[in-house]
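Listed next: structures, encoded as structure tokens.
Common to both upcoming complexes is chain A, partnered first by chain B, then by chain C.
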Partner chain A sequence: MRRRGLLGALLSHAVLLAGAVLMAAPFLWMLLTSIRPPEEVFGTVFNLIPTRFAGYENYRVALVESNLPRALLNGAIVCLGILAVQLLFAIPSAYALAKLKFRGREWLFGLVLFGLCVPIQVPALPLYLGLAQAGLLDSFFALMAPFFLTVFGMFLFRQFFRSYPDEVLDAARLDGMGEFEIVWRLAAPAALPAIAAFSIFSIVAHWNDLYWPLIVVTSAERSVPSLAILAFRDSETGGNYGALMAAAAITTAPLIIGFFAARRAFLRGITMTGPR
Partner chain B sequence: MNRAKALAGAAFAAPAFALMLALLIGPLLVLLALSVTDYRLGAMAVKLVGLGHYAALFQDEVFQRALRNTFLYVALVLPGAVFGGLGIALLVHARVRTRSFYEVIYFLPVTSTLVAMATVWQFMLHPSLGPVSAVFAALGMAGVDLLNDPSLALGTLAMIGLWQQVGFNMVLFLAGLSAIPRDLYEAAALDGAGGGIDRFLRVTWPLLGPTTMFVTITSTIAAFKVFDTVAVLTKGGPLGSTETLLYVLYLEGFQYFRTGYAAAMTIVLLAFLIILSLLQARVIDRRVHYA
Partner chain C sequence: MPTNRRPPAGITLRGIVKRYGPATVLDGIDLDIAPGEFLTLVGPSGCGKSTLLRTIAGFEPQDEGQVRIGDRVVDRLPPAERDVAMVFQSYALYPHMTVAGNIATPLEMRRLSLAERLPLLRLASPRRPRIRREIMAEVEAVARQLDILPLLARKPAQLSGGQRQRVALGRAMVRDPAAFLMDEPLSNLDARLRVQMRTELAELHKRLGATFVYVTHDQVEAMTMSDRVALMEAGRILQLGTPAALYDTPASISVARFIGSPPINLLPAEARADGAIMTEGLRLHAHGALPAGRVTLGLRPEALELAPPETPGTLPVSLRRAENLGAEWLLHAVTPGGTDLVARVPATAPVPERFSLAIDPARLHLFGADGQRLVTRLGLRVPA
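What follows is the complex of A and B.
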């Protein structure tokens, strides 16, 4: 019995490790190539570990001869801008949906549920036409505006607020607190775990987004990380694989560092759409 | 007090409702209107074409091929994404000390930027410089170009999609597994369910039912919306073998600017997504009854 357990454990480790190697291979290859000198990338002799450390020059090329720094900054601005407006609109409306009776509440909630199955690709065409009409293409506003509405956030926060005890709210009202104060000073702080998970979900989604930036951005000044890495690949330096891999590593690093720093919150945030 | 609450409720909901009109309802109505016109971006005159675009979609070779490619892509990704995710979750769940190590590695592709990792894959699959081709050559299959062979390109994208999706499903299954009460396994053992396979079939599999359904549908929706890897790696080629629904929609709407036609295509896409979401909602409802 004992030996069977040991054998089973060994077997399961073997399968898991083999899978883990496949999952991690692109990351290892990216990091190894990003410190590999060009003569080894294109050379006939293959060493898994580079014989000469060329990380400095590769990362220098990726950062200096590309639009990456600008795009990373833009990406941060866009992600944080979207998140701030999302929270500003979603929290009070979700509180209203959960705790206040008003006319049209069921309608609004029905629209939220409908909105959950509509991805950006659906309203993209009319939104693009509208932004073009207003002369707002290729702007931060164009990059952010379609995502100001987050039916997912509204849905999530509503579920959270529903379990908030009514007695506490009534006591606060008797103490003379207005609804506005209640939302921002009682309900929102209590919903902090949900807000944190949603924030991670939102930032990851928009840092990685390609479809919408591809449509509205035309200038290098408004480039975002996903566009910058494509532009770098298609530019003259794009054949410099060491630098290209360095650029890929830089682009994906903020999220991966965040993941290592707050693993539980990331797992919760990204898989929040799950059934639980 | 109730009037004050109703007033506050309306005041809190109004801004969100305004956003909804501007970003969801309004665009949808415009989309419906556009889909029955021959509007092209910048056109001066607009003519009604009725349901002409919808009829044309069913004749359009490119759209039909994109539809077939998309379904084929889903069919290629789905079994691995669901059963792979389940298998990994079962193995990881049984580990104690190394559990989080495996969790991290398998989840890594989900957190990383797909566009960046797609360029890494492109380099890995490079016919002369990439390690994958070196492996193929060592196996006696030299010269295989996974992204430029029309019969292999879609499958290659599906493998990358699977690589990206499987860790997400693993986490969902792990959550489902931890929700199964331990005493059920003990009860099953008393009932004579001895081996691991027996326990899996009698306890784990039935209790994971709702999770499995949910994972199947979310994976289907995710695979259905494949775009990034197509745009980065193949641009629909070679010979249209990787043209998928969203990629063709992107081309029609934002490269060729056949706005009316793209609008009709978007409505068809939305119809598919609504059907999938309704299925998903039913699964979530069922789960509530079980719990």
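What follows is the complex of A and C.
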């Protein structure tokens, strides 16, 4: 009995370990390449650990000889801007869909579900034309606007709010809170795990997004990290894979740090255990 | 606690009707609750008692009828403006606020403006610190009354059920409301705590002198705490009266069945045109006119007494089970006609193996075929 338990544990850990290695390998490869001297990247002799530490010059090239710092700042502005507006609208909408009784509620929720099925590529062309007509191309607004309303966020928060006890809402109404105050003072704090999970989804998606910036951004001043890496590869340093990987490492670092910081809340949020 | 508390308000309900789709949940409720009264709405689940309470609170506006609290008609007022406080079954505390924050919330909502409640912006208000101090003083006074002063900094999740209950009471008391509405506040507590809180609630009511409207499905709570009890069934009030009135003169079989533990014994009987009532070989007679036909006799368990076997004018029964409650026995027996009876007799002597049950005719209840009480005195004719 005990032997089988041990064997089972070993086996499952071996499978998990293999999965982890498979997942982590590209990241490790990126980090190793980012500190490899250029002659070694395409060298005939392969060393797992670089013979000479070239991290300093690679990262220097990535940060100084490219548009990356500006793009990182732009990326942060865009991602946080999108997230702020998304939460501002999705949380009250989700609360209304979950807890308020009004005509057409089920119908509206059906539309939300329908919206979940529509990828960004579908409305991309009309959105582009609209932004072009309004003369808003190549702006922060153009980068952010299509993502302000998030049906995914509404859906996630609605599921979360549904488990919020009705009696607490009644108590709040009796104490004199209006619905908006209930949303921000009671429902939102209880939904913090869901908000954390959603924030990570949202930031990762828009930080890594290449499709939409490629369409609406033309100038270097409005470039975002994914565009910057693309431009970096095309430009004069094109052959410098060490520097390119350094740029990639810099770009992914905020996400990885963010994930580890909010890991617990993230897991709690997606496993959907309600308040209390 | 403010020393100059306002006088309690009465509540008047006139013709309250509430429908959910085709179902009528409240079917014309008329009720006058006196100022300072402890009135209990009791009934089986689904009888509409909670809906009635929520109608008074304003959560579920009635379809017809009028609600009056004090001298105000409140039909069009939202819950917050009806000046009532409510204690919920689940306590409904704000989970991420401390106990102090929970109790302070109703006062903050009233005395601070929206801007003074907003994060950051509130720091700009010069009068806010003073108001906060006043509020906290009142919160502490209420907490002291309820014996929860040491818990003020805790979160609800760190409290036991009884402590949460007190916090919920504190949040209601701090408002000094015109009336307290309580929706099964004790049903989430364990049995021992429930008995203790029953006493405390009754004492609290006496001390505050406030109007309490209390909803429960537990007839013991209704009987032990209330000034008056309204027994509801299927959206109507079957009987309204003091606990003693409901127990001693139930208006119908439904009321008689619901009130009392163990429940009343019901014996099918036959009324004859000459005023005789026959049941289980016994012959009773009514003083006064009685329509002939099927009737039902109600006997409280304590209205039965042990008698030697085969005494004339008693019920010959066979014992099924005897429960020892310490001071008394509960005897579960069955009549020759197949009706189950429960008798409550003093535990002075061991239960005899064979016995009869004697009936005190003065304590019999008589119900007609429609289940309504027949007002008549009964006598027992013992064959010579």
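Keep this in mind: the second predicted complex is superposed on the first by the 229 of 276 C-alpha atoms of A that agree within 3 Å, B and C clash if a C-alpha of one lies under 4 Å from a C-alpha of the other, contacts with A are read in each partner's own complex, and residues count from 1 in each chain.
Note that contacts are C-beta pairs under 8 Å (C-beta built on N, C-alpha and C of every residue); 3 or more make two chains touch, one makes a residue touch a chain.
Because the structure is a prediction, the values reported are computed rather than measured.
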Which superposed partner A:G135 touches (first chain B, second chain C, both, neither): neither
Which of chain B and chain C A:P165 touches, first, second, both or neither: second
Partner chain in contact with A:I229 - chain B first, chain C second, else both or neither: first
Touching partner for A:M177 - first (chain B), second (chain C), both, neither: second
First (chain B), second (chain C), both or neither touched by A:G5: neither
Chain B versus chain C as contact partner of A:L186, first or second or both or neither: second
Residues of chain A at both interfaces, chain B in one complex, chain C in the other: 173, 275-276
Residues on chain A engaged by chain C in the complex (per definition of touch): 165, 167-168, 170-177, 181, 186, 189-190, 275-276
Footprint of chain A on chain C - complex, ascending: 54, 57, 59, 78-80, 84-86, 88-90, 92-96, 105-106, 109-110, 114, 117, 157, 171
Touching residues (chain side chain B, partner chain A) in the complex: 1-2, 4-10, 12-13, 15-17, 19-20, 22-28, 30-31, 34, 41, 88, 91-92, 94-95, 98, 100, 102-117, 119-121, 123-124, 129, 131, 134, 163, 167-168, 171-172, 175-176, 179, 196, 210-211, 214, 218, 225, 227-228, 231-232, 246, 249-250, 253-254, 259, 262-263, 266, 269-270, 273-274, 276-277, 281, 283-284, 287
Parts of chain A lying in touch with chain B, wherever the complex brings them together: 8, 12-13, 15-16, 19-20, 22-27, 29-30, 33, 41-42, 46, 89-90, 92-93, 95-97, 100-105, 108, 111, 113, 115-119, 121-130, 132, 145-146, 148-149, 151, 154, 173, 178-180, 183, 204, 207-208, 210-211, 214-215, 225-226, 229-230, 233, 241, 244-245, 247-249, 251-252, 255-256, 258-260, 263, 266-267, 270-271, 273-276
